[in-house]
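Consider the two complexes below, in which chain A is the common component and chain B and chain C are the respective partners.
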Partner chain A sequence: MSPTDDRVGVPNDRIPHDRVRDDYTCDLAVVGGGPAGVAGALTAALRGLSVVLVDSGARLGGQYFRHPPGAARGGTPGLDRFLRQARALGERAEVLLGHQVWTVTRDGDRLTVHCRTPDGRTVAIRCRDLLIATGAHDRPLPFPGWDLPGVLTAGGAQALLKGNGVVAGGRVVVAGTGPFLLPVATGLAGAGAEVLGVFEANGGLGLARHPVLAAGKAGEAAGYGLAMARHRVPYRTHQAVIAAHGERELEAVTVARLDADWNVLATRELACDTLAVGYGFVPQIELGVELGCETRQDADGMPVLAVDDRQRTTARGVWAAGEPVGVGGRYLAELEGRIAGLAVAGVPVPGVLARRRRRLRAFGEALHHAYPVKPGWQGWLRDDTLVCRCEEVPVARVRAALELGATDARSVKLLARPGMGWCQGRICGYAVACLAGESPRPPRRPIAQPISLGALAELDLDFDTP
Partner chain B sequence: MTFQITIDGRAVPVEPGQTIGAALHAAGVRAWRTTRFGGRPRGLFCGIGVCFDCLITVNGRPPERACLLEARPGDEVTTA
Partner chain C sequence: MSDVIVIGAGVVGAACAYYAARAGLDVTVVDRGPVAGGTTGAGEGNVLVSDKGPGPELDLALLSNRLWGELAALGEFEYEPKGGLVVAETDEVQRQLVELAGKQGVEYTVVPAAGLRDYEPHLAEGLAGGVHYPQDAQVQPMLAAARLLGHGAESYGHGTLHLRTGVTVTGFTRSGDRVTGVRTDQGDILGGAVVNAAGTWGGEIAGLAGVALPVLPRRGFILVTEPLREPLIRHKVYTAAYVTNVASDSADLETSAVVEGTPAGTVLIGASRERVGFDRTTSPRVLARLAAQAVALFPALREVRVIRSYCGFRPYCPDHLPVIGPDPHAPGLYHACGHEGAGIGLAPATGLLLSQLLTGARPELDLHPFRPDRFANSSGSPTATRGETETSAGSSRASEESA
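On to the complex of A and B.
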């Protein structure tokens, strides 16, 4: 081990030395460097607020605007504009990359954002206002063989391509539900993969009447349609991948034709080396939940942070924008970031922004209704199918916990351990809630990222001990 | 400029800015650890730092998420 090799996530030399310091004090701290966070931070900074933005990635962009280092290559619509915003932000605010936020504490009117730095130190950002713009991650469903290498989330395949220039595989199957499957499939096909098909579990309308069209986004929908046709990628509705097969890696999948509730009607096998699969998204809301923000259930069943028309949560000084208040895509995320930035700066929000926000929010909810998760997926499971990948908890152990009297996801977790591993239930939480027969509850993760006990001990926290 | 890292002594090419996980996956190395109980192979899954499936040992340091850790020339990956 080299003594100079002290990075965690990001090479240390990416941070200029004059900006390495342990504590910051500002008006507004923003967590998340995607479209919502950057728009919010820039808007507030342009109104004269002192702003610190923190992101765990090596570069700004979040998931949608993930890009390789250096000159941005084309491909992601809107990336040039985002990068101009990011540069403008860098001139007006502190941008801390490779910083993982593990908790936020409150002391009266002041909030403190606690981060772990690239070299393992802790950094505290003291602020009056906090904007939560932490985005979302894929919502996977378990199925036999889903833990085989070669099975990736749709977002994971996209991150490989956008951030690393790596095509996830040679013969690729894309499956799940929702409009996000289209850019994933066309991106992979355009980069040289043989995409054997997009299997959309919902939808009887097909690509020609895709809801993206109904929203007046004809250009976007036509673009995907053309790209799918050019690369001869079949788009099959009411079909899903219900099993993955292979010895040490993925070798084939079982594709099923489904009824409206996702029960299996007929199956066939398809040889492939890669599967990109996703059933919607999980908004990342734990920082808000720990600060006491009220939540609401979004149309896709997920708990999200409740906000007013200025993006203010129910906790004093805490604002939220983008997917944590309901998955709606990058246009809505950027708009909500701007609204939050104005509101934090005490500037009235123009009516045109408010109306546009309502329209985009309604579109997001319409997509949730068009692409629900139907209960039939539970019939794809076998007794030995892992539900929790971290703790390797199979379906049989979850069902045994339910038979023992567990009546909700929390008691299933205590009896059978799903969600007790490294990912803290982020991956299996939705599935465990469904198996327990309830809607997913707001996640409780007092420590949102792994930190060392030393870093925890450095923190001067007053715990009330009896 | 392309550079190299190694996994158990085998050379793997890397483009600047790529993560360790992306470089390994691109080189056809799709699994680099096995699970504690079932001994199942694991590599990338979520690809964005959420699932922790891709934990990896680089230069003898405690395990990190391969999907987040940017590769540096000469990095030595070891599998158990």
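On to the complex of A and C.
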């Protein structure tokens, strides 16, 4: 569908400048093409709203349903259903892929989503309502050697696998905490990698009572359980990778047995060439924060957008669904998207959906409690371990900043620069907050994605026109 | 019991504490937040003589400029004496710039249009000329403040300079009129003198002592680009409009391009001025305007990406001069705040002069123009009238903030 198609996304060609710009006007703009965004957009479009959905990826799917072109059946559980929804959406709404949202502005009742395309064009989507379905990104913890080539985030390893089918390496170790390690491990094993082990830093539940297996989703549960068994992937609790070694790239990891607080009890080395490591997720909420949405602390301490039972945030016209309102997985994300879509269209939320959401949220919170990050990881650090990779800030400089009079993550950043670089603290923000002894605060990123000065300057025109 | 209690661990408070410690006084610094968490942490680090007309502020800036050079020898923070280049869009503005430069009594070189690119190879075409000021410099203000406190503590005997972060001042202890210390959320701290170095919040602190001080916030945004591989900009470069905006009394948005590179490779782009209280809401309009002006000055920046922005609140007084000196209505209380956008640059001189006052020495500069009671005493002047109205507007805003 082109921008001149007038079924949805009415074109707006009033931009008088020398640069042609694609603009859209619609009832609902959705940011994020994962389960929450697609469900929300489709639900609203089916109720007759004009909808534009933007996503930075090359295909819909988000982090969980990232898939190669022409993905076959039998891959990720739930993918068939998602692809059906995505196809239905494509027939009823404008879907803008490869578009990065760098800011959202407000002018009275009207919101404008500002995007840029990979070729540098700027695109503005004017809407009455906005659904934030931006998902979450990995929450890594720093440890010695984590900056070596061959060390990936769990999400990164999965993206590599799903995005283009590359097998992430020969001998793979998966480590961290949380149920997400399982699909990563089985995915890698299924693609032909030798998965030497899944090291879960927490314990308690064990594989037999693992939440993904115990959640009553029989097909999916059996799938992971069988895959782990079939590929003979050992699942070890109370163990973690506390260091990565190698000259130029990863050659081995140190695996440690941990006590309940993640202090090291004993260590051994394990030769491998790929490490996928993940310690939960950071909900992406910066668009909501900049629009003035109130936040709350999720059960794992992460700031998330506060929403009411219709998925409405505290900012007028702004709705949110999926991980930005609390990490709970794809079932919850899709459900919240559907509820938001109904609510935006003015349709009452059926009680059955509300009850399911309550159950799934309770499940999500139970996961947070079963897989917390314990303070002992700070003991794995050495003085020269990088905390911020963008600005190359080692642990010693963070600690020096605290001695100089920094009392929180923001002042550590001002004195030692962690989080000032390209990723804007998305990777190191959690670790810096922990080192500063505080819970992570809502991120302030007025410029959510890098934008050229030329494109930013163009925005000025919008304000000069009355 | 300390000889001096400094309220505020920004760059001005740090300089006050450093020079007081150097003069042999015991100092306690209290701040409700961290070191450099207020306006100090939101600035560019300007140490400018070029943007000030002849007068008391320029005298203060020149003294400070020399002192920063000395302090830089202490090391451990970035100090770049890189010079400033003020550029003019028209011949008329260039004529005014040259005339101003002649009166300032600072080092300068007039740069004709044809010579601009010898200073800044990437400047836009069509500019009428400029003036180069070699004394202009830049410091990394957060580290500078932290290091001044550190040096003060380490160099003049342990225990001389205490830093207490996360301590909120809630009032003053008094003996009759005399201020004898501060009340805080963590108990009273007694001292021989109290220095109000609370920057933009200096008016609130003064209010706790029953004194009216018209210090109000003037918001500014800064854009930060991705790190460049090759330095594109050598000096602090700004347009002549910056000088008039600094001195302007308008409450409306004013922007003028101030562009410079940093040792980290990023380019910093300012400067906007608005009087909107303590509102932190990002204004994309202001960011867009700053970007447009920077690109107009340096077309090569068009494809360079902005990765973040931040805002802060300059502490301004109605006559754009800082408040430095003893408060006649509250003996024992000294003020060192209200430096507007020049606090980084003016901090060392402020600290040195205040330490001279505190030790009974004769200050190197006449502090009369900066006296705290100048606003109340000249009630006939329009400036003071405006100052008073704004004080009440400001305090109502402040209470909304805390509500």
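Some notes on this structure:
Throughout what follows, the second predicted complex is superposed on the first by the 425 of 466 C-alpha atoms of A that agree within 3 Å, B and C clash if a C-alpha of one lies under 4 Å from a C-alpha of the other, contacts with A are read in each partner's own complex, and residues count from 1 in each chain.
Note that a residue touches a chain if its C-beta (ideal position, glycine included) is under 8 Å from a C-beta of that chain, and two chains touch if they have at least 3 such contacts.
Note that the structure is a prediction, hence the values are computed from the model and not measured.
Applying the stated contact rule after C-alpha superposition, one finds that A:294 touches neither chain B nor chain C. Shared-chain residue A:63: touches chain B; no touch with chain C.
In the superposed pair of complexes, A:451 makes contact with chain C only, with no contact to chain B.
Within the superposed three-chain model, A:406 lies in touch with chain C and out of touch with chain B [touch as defined at top].
In the superposed model, A:422 lies in contact with both chain B and chain C.
Where the contact sets of chain A with chain B and with chain C meet, they give residues 421-422.
By the touch criterion stated above, chain B contacts chain A in their complex at residues 15-19, 22-23, 25-26, 30-31, 35-38, 40-53, 55, 59-61, 64-65, 67-70, 72.
On chain A, the positions that touch chain C within their shared complex are 103, 105, 114, 120, 290, 292, 391, 401, 404-408, 410-411, 414-415, 417, 420-422, 424, 445-447, 450-454, 456-460, 462-463. Residue ranges on chain C touching chain A, taken from their complex, read 9, 33-37, 41, 142-143, 146-147, 149-150, 163, 165-166, 223-227, 264, 269, 281-282, 284-285, 287-289, 291-292, 294-295, 301-309.
Taken in their complex, chain A has these residues touching chain B: 1-2, 5, 7-11, 56-58, 63, 68-70, 137-138, 147-153, 155-160, 163-168, 248-249, 389-390, 392, 421-423, 426-427.
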